[in-house]
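Multiple structures follow.
Across the two complexes that follow, chain A remains constant while its partner is chain B and subsequently chain C.
Take a look at the complex of A and B:
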């Protein structure tokens, strides 16, 4: 059997056996859709949009938890405790191991987001059946699944960055701290840059700072997760998807390339 | 100790712990004016700080700001805020609405609350119209927001030029009622003159279906008659 496929299969089985992962599955399938429905009932008109907002925020938090609780502990224990030796017996190479592990944790996230898509679609179906058009303005079948798949795709590059952090860091504590930092950065920085470049804020910012902000924002995708969630919540067209996919693929490939290089050079 | 005893003790500890926590929470803020006053003094967090916390969950951040508007208005209307802090409370209410609109400029609830609460509070109508005008720029499918904003501009701000602009925006939106272009024409007639109003109605005639033409012709006729009687 192909060593990459073998490692991938083993990783997926390992993840599915984890109680934390089953807990996350339960949250995205039951608790998150229920929370979205209950929370939206506090609003006056656009309840469907509030449901999408809750799902979007919840799915991103769940994806971040998956990375921190499951991926970092899995790869961390492999490298820090030396479990990776079990995989690195000939003919398996370090490259096979790392690619297999990366594809395995990506598959785990895909399973999680597939369940989130099911939960999201259940919420949307409920809205389409029971709500009047004003309440479900902009909502359509497929928006819940699309949202989950966007969250999945955006987190592949974060997963690649986490793989790099895990193979570069020297211990579990270091891995956890840097991974948490990476998640916080991916969560806040695009949103902060977008907020700082809004017309209201730019009025009070010196020109040199405005140029600096614009230069930093070139490093991040033009279309961010917040804009996608808003567009899906209001039924607006999403423009620039191809560029968004290309940019995220670029980050993922770059970070995973760095991870492969670092792992091939480090002492185990 | 019996085999089931540790489970029983754990269950009792959990229940007593939860009761203690609930009692503490329920008795901390028993509707005292002091706690509300303290909350009003603190005010809403700055937009940038909220952006850092919200990250990609901008929609949810807008929703939470709208919920804060409900809470604040409930306290204002139930007189649980000291009178001397009422003005600050209204300012905070306006800030929450503006922040909600910054996070999600398409959210209808924000503009409905702006029209229903902020517009009719003394001195806040200007902010309300500005916010609704911003909303109408984003919500390109919605005729209601610019229509209500135009109505507020005319009736409270007495700014017919602004009212005419907003009504014109409303009239060109899908499913706008005939009242919108009737009012737009009237405000235009008042501020920029008859020609502008007639041009606007004739433009509306070219973009609206044939069913509307009779109503527009009636308005054109009435406008001309009104102007003729004013001239006499």
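Take a look at the complex of A and C:
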């Protein structure tokens, strides 16, 4: 069997057996949809939009928890504690191993977001069959699934960055701190940098500072995804999100390439 | 044959191993004996590609054939079971996964533990599982770092006879251990390592107490010279 495929398969088996992962599955299938429905009833208008916003925020938190609790502990144990010694003996290569692990944790996130899509669609269906128009406003069948898939797609680039952090850092504590920092910055910094790069602000700053701000903005994938929730919650066309998707693909490829290079050069 | 030529590795400017030349042969058990910090683990990790050496080269006949490795400090996948881990190792080595059960029987892991998560295992059970991974797919080379660590007296005896059997089947085995009697019982020759260099090669003929005494004296002598330098 191909070592990449076999490593992917084993990674998925390991993830499915983690109690923390099963807990996350329960949250996205039951608790999050229920919370979205209950929370939206606190508002008088645009309940459908509130439901989508709640789902978007919840799914992003779940994806971040998956990365911090499951991915970092799995890859951390591989590299910092030496689990990889058992499976990386010749003729298996570091390249195959890391690609297999990356695809495995990505598949784990896909399973999680697939369940989130089911939960999200249940919320959308509940809204669509309602007699009250504010529940249906701006919503359409398929928006719940689309939202979960966008959150999944955004977090592939974070997974690639986390793989780089894990193969570069020297201990599980270091991996956890840097990964947490990366996720927090990816959530908050791009929005701040975007505001700092608005035309009004740029008129008052030197060109070198503008270039610096732009360079920093390329260091983190944009995770807040407000435009996605906005488009899906208001029935706007999602064609504008394509650039966002392309940016994330490029970022994921670059970071994973960097992770492969770093992993090939370090002592284990 | 597995040949190591002028292998060196420095950590923070200090030599962990220096100019190591070594040849391992099939159907032979070679022991590596040295005190803590002598460079044993660095040598083994360099041979297997976990540590990237600063200098030297490693040649192995049939590089596509699998090598079994038992690390000194191993951390098995906690959420998987022994059966899953061994099956995974067999598949990684392009081998029939149905051999996993026979392998777990061979290393004497209790059948009721096979499907339980490894996090519930004792130290000895973990050692047996890691050993099963090393032995999976009958590798032509076995590199074992402290293989008897964590095993009870019966487990140790079982392992030593298992290794003798593998040697007789044609495997080349390289063992690093602090337990001199184990090495003397098993090995055809023992390399003494101190300060990152191989100081002496002792051929084991009689496999008796006199050779144990001799090796312990030599080890103590090299340890004293390490302390002085």
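We take it that the second predicted complex is superposed on the first by the 235 of 268 C-alpha atoms of A that agree within 3 Å, B and C clash if a C-alpha of one lies under 4 Å from a C-alpha of the other, contacts with A are read in each partner's own complex, and residues count from 1 in each chain.
Everything below uses one rule, namely that a contact is a pair of C-beta atoms (placed from the backbone, for glycine too) under 8 Å apart; a residue touches a chain by one contact, two chains touch by 3 or more.
All values derive from a computational prediction rather than experimental measurement.
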item	value
Touched partner set for A:92, first chain B, second chain C, both or neither	second
First (chain B), second (chain C), both or neither touched by A:146	neither
Partner chain(s) touched by A:195 [first = chain B, second = chain C, both, neither]	first
Which superposed partner A:44 touches (first chain B, second chain C, both, neither)	first
Of chain C and chain B, partner touching more chain A residues	B
First (chain B), second (chain C), both or neither touched by A:268	second
Touched partner set for A:6, first chain B, second chain C, both or neither	second
Chain B and chain C contact sites that coincide on chain A, given as residue numbers	none
Chain A partner contacts - residues on chain B that touch it in the complex	47-48, 51-60, 62-63, 66-67, 70, 102, 104, 106-109, 112-113
In the complex with chain C, residue positions of chain A that touch it	1, 3, 6-7, 9-10, 13-14, 17-18, 77, 81-83, 85-92, 265-268
Residues of chain A defined as touching chain B within the complex	39, 42-46, 49-50, 52-54, 56-57, 60, 137, 187-188, 190-192, 194-196, 198, 200-201, 224-226, 229-230, 233-234, 236
Interfacial residue positions of chain C with respect to chain A in the complex	45, 48-52, 60, 63-69, 71, 73-80, 84-85, 88-89, 91-92, 94, 117, 130, 133-134
